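One chain, chain A, appears in both complexes that follow, with chain B as partner in the first and chain C in the second.
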Partner chain A sequence: MDIEEVKQRAGPREFSPKDDMPEEYRKAATRMIQFHANSEIMGAYLEKPFIRQAPSLDRKLAFSAKVQDEIGHGQLLYRAAESLGIKTRDEMLDELAEGEGKFLNCFHYPMDSYVETPMIAFFVDGAAMRRQATLKSTSWEPYAHAMDKVCFEEGFHVKHGEAILYELMTGSKKEQEMTQEAFEEWWPRIIQFFGPTNDKSTHHGFASEVGLKQMGNDELRTAFLNAYIPKAEKYGLEIPDEPRISKNDDGTYEVVEEDLDWDEFFTIAKNDYEPGVGQIEGRKASQDAVEWVRESLDNHENRLYGSSQPQAAD
Partner chain B sequence: MIWEVFRQEKSGDYHKHCGNVHAPDREMALLFAEIQHGRRKPTNSLWVTPQKEIGEVDTEDAAFGGTTDKSYRWAMTYNFEAAASEVEESESEQVTADRERKAQIEKAGGN
Partner chain C sequence: MAAVEELSEPGSLSEEEREAVRHQLFRLADDEFVLAERYTEWQVKAPTLESDLAFSNIAQDELGHARLWYDLLQDWGAEESELIWERDPSEWRHSTLVELPFEEGDWSDPVLRSYLYDVAEDIQLRALQDSTYPRIRDRVGKILGEEDYHREHAASWLERLCEEDESRARVQDALDRLFPHALTLFAPTDEAVEDRIDELGIRSEPLVTMREEWLDEVVPFLESLGLSVDDAELPEQYDVHHSQLELPEHTGRDQSHTDDWFDLYDEFTRSYRELGRTSAARIMKDPDDE
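Presenting the complex of A and B:
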């Protein structure tokens, strides 16, 4: 198939591993899915400490279930990316450990306190879900299938995060103040989640032409702001003065982009941001620590089948 | 030799198990599957695999969905109005799945 045919046929779940896709498509899809998979994994590591630090048994259980879900999503997505034939799952995991794998801006920042958890579990997951729901109709079928399961599970994450936010904002004065502080710190990062505007986004054009991406950064951000600003206000959070957000006549929101720190954003995107480097190294240390498990599994497989090549069925 | 057949109705759908065929080799199995399972029902693609290559875990071997109370990991536990349509959608999928799961447990002997 050539790229013109791909563009013509592009539609929801149109292409699958049996289609002969041009390299340009396979590379673009790999980059997109690998980024998504990496983000799931890094998000899980960010929240892992709160399995222990959460203040009640219920919250500990919910965080442990959530972390489990996110790691599962990562694995599902690596498989979907692998089906494009550009990189293997192991290669992608190694890239992440070596600091070459790119992932979401929000997961580069360390999270120190429990009051920060709803910033990820409610706002970031809410933003992520907005995007993921549109990806159920991406053109790469294995990616769309993965999104069916991811979206099924994600609703619990967002609502669990909302429950924490509610609890904190109806809690003591101190808790409310700390939550507001965390909100002010995280809010610009959360808005940057969707990346720069369409005209400045490097990959958007091609990805949407071949049906990989269903909605532009601007549309997604607007939809997110419309749903989550009223929620934040309802719980008593004050929207910071900066970045400036204006409300249009039709009730939609627009953010003044120049108020956001795009230098920091692009430093993060290159994995050069100092606290983020710590996140990557922490993950690498965890991966190294269980090297022996992978090794013994490989040995076991080799003993059974002679090699790790898939067996011929007949 | 028995081969299990999975049919995909439309491009982009999941392949769903639809039955099996007897055939001596893969080539014949594909042909028989096409005739038996892809002739009348709408079909976009078929997967055919030797039955003995399928691994199985059934209700006797595992407690699917766990035996302990895991209500904390369901969206409807958290009693808030969903912030956005996609969250609502996910929650309603979970409500349906939960209902089906409970019906299944009841059917299996109500434990």
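Presenting the complex of A and C:
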């Protein structure tokens, strides 16, 4: 299939491993899905400390289940990416460990306090839900299929985040103040989640033309703000003065782009942001520490099936 | 054992009966909670995505079991937060096996620890199936079903890791370190209270019998993998009168713990303290909730 035909046919779940897709499409889809899969893993890494920090049994169970879900999403998405024939899962996991794999801006900022958890679990996950819901109709069928399960589970995560936010904002004065402070720190990052405006986004054009992306950054940001500004206010959070956000008559939002730190955003995008480097290296160190187990599993598989078989861990 | 009468409702137990039931419940609840707390350290750190998912499941099962047991302890008025986040760490009764920290990357430890624990738990739960305390008896079945899978998971990992000299050596190191602590799973909280637990029929097997049963199962299995369980080769090991000699300095059951436990307790209660959620400072319920 050539690119022209791909563009003509590009509809929801139109292409699958049965189709002979051009390399340009397969590379673009791999980049997108790998980014998504990496984000699941790094999101899990970010939230993991709060399994321990959760202040009740129910919350502890929920955080553990959520982190587990994210790892499961990573597994599912790497599989969808592998089906494009560009990279294997091991290659993608290696790239992530080596700091070459890209992932969501918000997951480069470490979290120190429990009051930060709804910033991820409610706002960032809520933002991710917006984008992911549109990806159920992406043109790469295995990706869309993975989104069915991912979106279903993300729905629970957002509710979990919302419940924590509610609890904190109806808690003591101290809890409310700590939460507002965390919100002010995270709010600009959350707005940047959707990236720069469409005209500044490098990969937007092609991905839309071949049906990988279903909605642009601007539309998604507007939809998110429409839903989440009222929610934040409902729970008693004050929207910070910056970035300046104004609502147009047609219901869309205008974010003043120069109020946001795009240098930081693009430093993050290159995996050069210091705290984020710490996250990447922390995860790499823990993965290196269990390399001996993977070797041992590989040897086990080889003894059983011979070395030509792909490895399947337990 | 002589036929024993069924115990009455939580509120109508004599003080001595209540103490016995509570000791039994804290043995169960604290073990599950602290073990799960340690297990979750492996989330996002397990060797593969698949092993990560499996181990997370097990951690959540154990947390769920802890909740079932703490729930029974709430029959006497304490809330979950008081039983867990506000109970002094020096009052906990879990075995030291479950509180020990993991070394980074030492996957042989959680796998072996899980095996040693799950075999013991299976034996202990079966001794509760006919408990004279109905509220314990009713909860055993659900837990037993899940533990089967945990044991299988741990045993199959051990089999794989012991296929090669290098990884078997790591398991052996873990075994040398963990085995004395595993014996504390069967250590008494308090001799007199443990005897009462048996006399009242709260459990059907005394600790020493369960420990023998445990040794009869784990020692041959571990040896079949090429591991050596030195202490267990001695016949004295089976002699109840030697039990104290083989145990580590702290057994956990008697509320003496390693420093690692106090560190762990500090960590998992940190947010709770930062948020100011102590019972004394508990704020009014949101009127909207009424």
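Throughout what follows, the second predicted complex is superposed on the first by the 305 of 314 C-alpha atoms of A that agree within 3 Å, B and C clash if a C-alpha of one lies under 4 Å from a C-alpha of the other, contacts with A are read in each partner's own complex, and residues count from 1 in each chain.
Note that a contact is a pair of C-beta atoms (placed from the backbone, for glycine too) under 8 Å apart; a residue touches a chain by one contact, two chains touch by 3 or more.
These numbers were taken from a predicted model, which means no experiment stands behind them.
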- Message: Quick one: is A:231 in contact with chain B, with chain C, with both, or with neither? Answer first, second, both or neither.
- Response: first
- Message: According to the stated criteria, A:156 is in contact with first (chain B), second (chain C), both, or neither; which is it?
- Response: first
- Item | Which of chain B and chain C A:61 touches, first, second, both or neither | both
- State whether A:129 touches chain B only (first), chain C only (second), both chains, or neither. first
- First, second, both or neither for A:304, with chain B first and chain C second: neither
- Task: Determine, under the contact definition given at the top, whether A:145 touches first (chain B), second (chain C), both, or neither.
- Result: first
- Quick one: chain B or chain C, who's touching more of chain A? C
- Query: Which chain A residues lie in the overlap of the chain B contact set and the chain C contact set?
  - Reply: 61, 65, 313-314
- Item | Interfacial residue positions of chain A with respect to chain C in the complex | 41, 44-45, 48, 50-57, 60-61, 64-65, 67-68, 71-72, 74-75, 78, 113-115, 168, 170-172, 174-175, 178, 283, 285-290, 292-294, 296-297, 299-300, 303, 313-314
- For chain B, which residues count as touching chain A in their complex? 11-14, 25-26, 45, 49-50, 53, 70, 72-75, 77-78, 80, 82-91, 93-94, 97
- Note on the structure: As the complex stands, chain C meets chain A at residues 37, 40-41, 43-54, 56-57, 59-60, 63-64, 66-67, 70, 80-81, 84-85, 104-105, 107, 156-157, 160-161, 163-164, 166-167, 170, 267-268, 270-272, 274-277, 281, 283, 286
- Listed in rising order, chain A residues that touch chain B in their complex are 12-14, 16, 18, 58, 61-62, 65-66, 69, 122, 126, 129-130, 132-133, 141, 144-145, 151-156, 158-160, 162-163, 166, 223-224, 227-228, 231, 313-314
